[in-house]
Amino acid sequence: MNLDAKIPSGPIQEKWDKHRFEMKLVNPANKRKFDVIVVGTGLAGASAAASLAELGYNVEAFCFNDSARRAHSIAAQGGINAAKNYPNDGDSIERLFYDTVKGGDFRAREANVYRLAQVSSAIIDQCVAQGVPFAREYGGLLDNRSFGGAQVSRTFYARGQTGQQLLLGAYGALMRQVGLGTVKMHVRTEMLDVVVVDGRARGIVVRDLTTGEIRSHAADAVVLATGGYANVFYLSTNAKACNVTAGERAYKRGAAFANPCFTPIHPTCIPRSGDYQSKLTLMSESLRNDGRGWVPKIRGDRRSPAQIPESERDYYLERKYPSYGNLAPRDISSRAAKEACDDGRGVGPGGYGVYLDFADAIGRLGQNVIAERYGNLFEMYERITGENPYQVPMRIYPAPHYAMGGLWVDYNLMSTIEGLHVLGEANFSDHGANRLGASALMQGLADGYFIIPYTIGHYFASNKLGKVKTDHAEFKRVEAEVRERIKRLTTANGKRTPDSFHRELGKIVWEKCGMARNEKGLKEALQQIPALREEFWKNLKLTGHSDDYNAVLEHAGRVADFLEFAELLCLDALMRTESCGGHFREESQMADGEAKRDDAGFSHATVWEYAGADKAPLLNKEPLTFETVKLAVRSYK
Amino acid sequence: MKLTLRIWRQKNPRERGAFVTFPLADVSEHMSFLEMLDVLNESLIDKGQEPVAFDHDCREGICGACSLMINGYPHGPLPATTTCQLHMRHFKDGDVITVEPWRARAFPVLKDCVTDRSALDRIMQAGGFVSVRTGGTPDANALPIRKKEADLSMDAAACIGCGACVAACKNASAMLFVAAKVGQFAHLPQGQAERKERVRRMTGQMDKEGFGNCTNTYDCEGACPKQINRRFIAEMNRDFICAELTE
Amino acid sequence: MRWLVNLALSSIGAKVVMALTGLVLVAFLVGHMVGNLQVLGGQEPLNAYAAFLHSKPALLWVVRSGLILAAVLHIVSSVRLTWLNNAARPVAYAVKRPILSSFASRNMLVTGLVVFAFLVYHLLQFTWRLTNPAFSQLHDAQGRLDVYSMVVLSFSERLIAGAYVVALLLLGLHLWHAIGSTFQSLGLTTPKYRRLIDAVSLLVCAVLVVGNVSMPVAILMGLVQLPAGVIAP
């Protein structure tokens, strides 16, 4: 497979400007002749659809929710990074770039990350102009805070719901275009396949989730902004409907999948309370700015936290990482929590939890300040657990919540299928092996507002694209395949529900390919997953009909794709024998238990190519060359 | 605990629905309401029956997808809480719980407790935005905004578009939703240029969608999971009157 | 003019119509009560007041026309809104519980209709004097219509006095929601003044109810009596 990342030449500071100049333009009068399909309406999808429509392209946007505003970007709480340096604390494009590359454990493509840092400021300008009510200081200017893993305050926030506010900004822009008739919006419509004609992505096949109708939509380019696959773990902080279907379908049509094993773990989630648990709730890790993590020093200490004296508490993050303390990067704090629990010092039901204590901060700043900063998070916590965190320390535990891996894209955000562009969390992204807090929103909006509007024009202007309609034989063929697959799902006539398969899969992947991975476990998972998949197709039980609203069928289709994808995830984790960022191989650690990178062996993105059913996927590598950044050991001690 | 659930079942928008009663045992008080329904649905699938359809997604109280009228309260009896964040510890062993979809002409039932709330999207299309193009915007700090006003804007912007206000209103009015959206921009300098057009267009669309009219009863505020204040309705009324009288 | 009609038909505009016409009616109620309270002062002040009102027929009819217009708009608009509001929820809930709404706010149509029925009776009784045509024959020493005796005679009957008290209490309930609601509909409520507005609404209601109820009660209790020589017709 030819993996040309198409990175522009020249100094890193000039690459994007140079590229923007070199890219071909589409004449304004011709833009309306190009149709673009955008799948997903989260930050990346909504911003892309709105921006492309503003430029004059004909856009059709799709989402499976009942409204574009419900995409899971909405749940991001903490904030969005930008190299504005408003607080005058030494931030710059270079620093945001470096922090991101370093935070990603040097497994991201330098040029992309630099561009991300470059456009970060414009995102804030854009959102403020749209009326996003960011937090402000009394002087009327924007407030910033420091966020997980950063030593500068570069995070902009809107109370505890930055994601919702940014999404409402992008959704507003999208609704404006829908109102103007430049975007045709399809809600409750799920993409089930990509249609590739003559090597180019020319459309998608969708299912109308209300009527069950299968239909095709054709276009000159397809943009996937379909989010991440953390629900492969079943219990994650993702919304229930988040899935890998779009990515997996595109992968099977020829789009390579990169770095699937890079799944970060979020350190501050509310621990699970029982077997019925349907998802985990993330609380913004901004909580770590004022909360102190601790566990009892004594194993199996079942006393209530108030009864445990200061001298018998282990503030494990402050102890292990004195300079970063409670703000140590996500993977490091997550693993530290897991280690404490594995050591028998966890708290709460099942011992899977650590305390995050605000007593000091409340004493120092007063309850009002804490309420102002985290009021809604505290309320959320109390609502779920029935405990008041102003009085009792919170209990937290790490959970999967994002996916750095995704469809491989070049500098223009185009996958290995010509014309198939992938944005936001769905691509293999700029975060390397681990994402910094408050950087997901930045990347989604950067891709949608400021990158795809340029690069898609270049694609249109540099290629001769004849019109393809949905009556093309290839559309008919893919539609038939989609129907056949649905038929297989509905006629399995077995005994187990899709949810039970999903839970079992999640358990395998979390245990064998979760926070810490080893060869033995991964090999076991690679045995168990195909067996489970086989059982799925034989023993699946569905109710209802395919030509109707049918949530069970929707779920079954998504689980089927997770069952295929999980294997790729474990295979990737097995191949990458180093530890880096969110990927921790127990075989590759320092004497003190820190992740040990292998730059000689793994300074590349693993890019998987589908080779056909029942064939092992082909491994390609995109070497990562660092011209600007010096590879260093990521130490937060 | 043991519960009896009376749930609205309706095959599709055309057929008439009816309540169906399901007994449910072994409900843990730590379950969320939707997890309790998951348990019910899993048992229904096991029995070969169609599970109860309901909208849900993020399950952390922010996406606004979940709905349900629970014992006569939108999102259940707990204030400032969405259905997904309502936990069973707020119910008692032996309770009979009535679960219905949002009822409004503007929210037709699609199936069981799933309704079509796209009317809210259409109101947004009429003016729920600031008309700026991507790029070419001034520096974010070029425009200082009084913290108090920014906070008020944020209070309004907290609306998650779930439609509980419509569900709670005895007139099925969407005034609180529209007022929140209008109010977010009315409190920001960015929103001033289109202020008059926005309020006229959005309320005009609201009327077209077949929502009822506000009679200032404020069940909307009581039902709102984000506690959007009725002040935004008063402010929108004022804006609307000013706009109509001056334009 | 077309924009005005459109405005009045829009959902917020219709509320403005309700609020403004309601304000006119409340202002009338206050004036009406203040004038009629002169019954407590005896025959002379009340009859003089009644004669004064009728001495300027042109002015009287201007005021009356305004009141009739306000009442008609208020009633027509409320009936239309109720009809629209019922249509907005074609399928009722099996269970629906109030959250912040008051009993008064949920029953405006009922209290409004009862008050309207009472108003019709009130006009039949005192303005057109059709319930008891003999009232028209009552005149005082100066030959003026003896409004005072008419009122005292009417309210001496327990049933009538009782009906008035009930109707006035319902009017109070109606106004309790209505006055605060007027401020909200006109966009004059702010959190800062909300409690003040609520207090003023309650005060106005209380004054109107107590003031008006005081008349039949005073008569029933014998505090206000027929002047000598007037015999019930």
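A, B and C are the chain letters, set down in written order, and residue numbers restart from 1 in every chain.
The rule is short, and it goes like this: a contact is a pair of C-beta atoms (placed from the backbone, for glycine too) under 8 Å apart; a residue touches a chain by one contact, two chains touch by 3 or more.
Bear in mind the structure is a predicted one, so any value in this text is a computation, not a measurement.
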item: Any chain in contact with chain A as well as chain B; value: none
item: Innermost chain by mean C-alpha position; value: B
item: Furthest chain, CA centroid comparison against chain A; value: C
item: Averaged-CA centre spacing for the pair chain B and chain A, given as whole angstrom; value: 27
item: Whole-Å gap separating chain A and chain C, where each centre is the average of the chain's CA atoms; value: 64
item: Averaged-CA centre spacing for the pair chain C and chain B, given as whole angstrom; value: 38
item: Residues of chain A touching at least two other chains; value: none
item: Interface residues, chain C side, partner chain B - complex; value: 3, 7, 10-16, 81, 84-85, 87-102, 105-106, 108, 177, 180-181, 183-191, 194
item: Chain A - residues contacting chain B, complex; value: 47, 50-51, 54, 65-72, 74-75, 84, 86, 121-122, 124-142, 158-159, 161, 163-165, 168, 171-173, 175-176, 178-179, 185, 187, 210, 237, 239-241, 273-274, 276-279, 281-282, 379-380, 383-384, 386, 449-450, 453, 497, 499-500, 541-544, 548-549, 551-552
item: Of chain B, residues touching chain C in the complex; value: 6, 8, 19, 69, 71-73, 98, 100, 103-106, 168, 170-173, 175, 203-204, 206-207, 210-219, 221-223, 229-231, 233-241, 244
item: Residue ranges of chain B in contact with chain A within the complex; value: 12, 28, 30-32, 34-36, 38-39, 42, 44-46, 48-51, 53, 55-65, 78, 80-81, 85, 87, 89, 110-111, 114, 116-118, 120-121, 124-135, 137-141, 143-147, 150-151, 153-154, 157-158, 160-161, 184-185, 188, 190-191
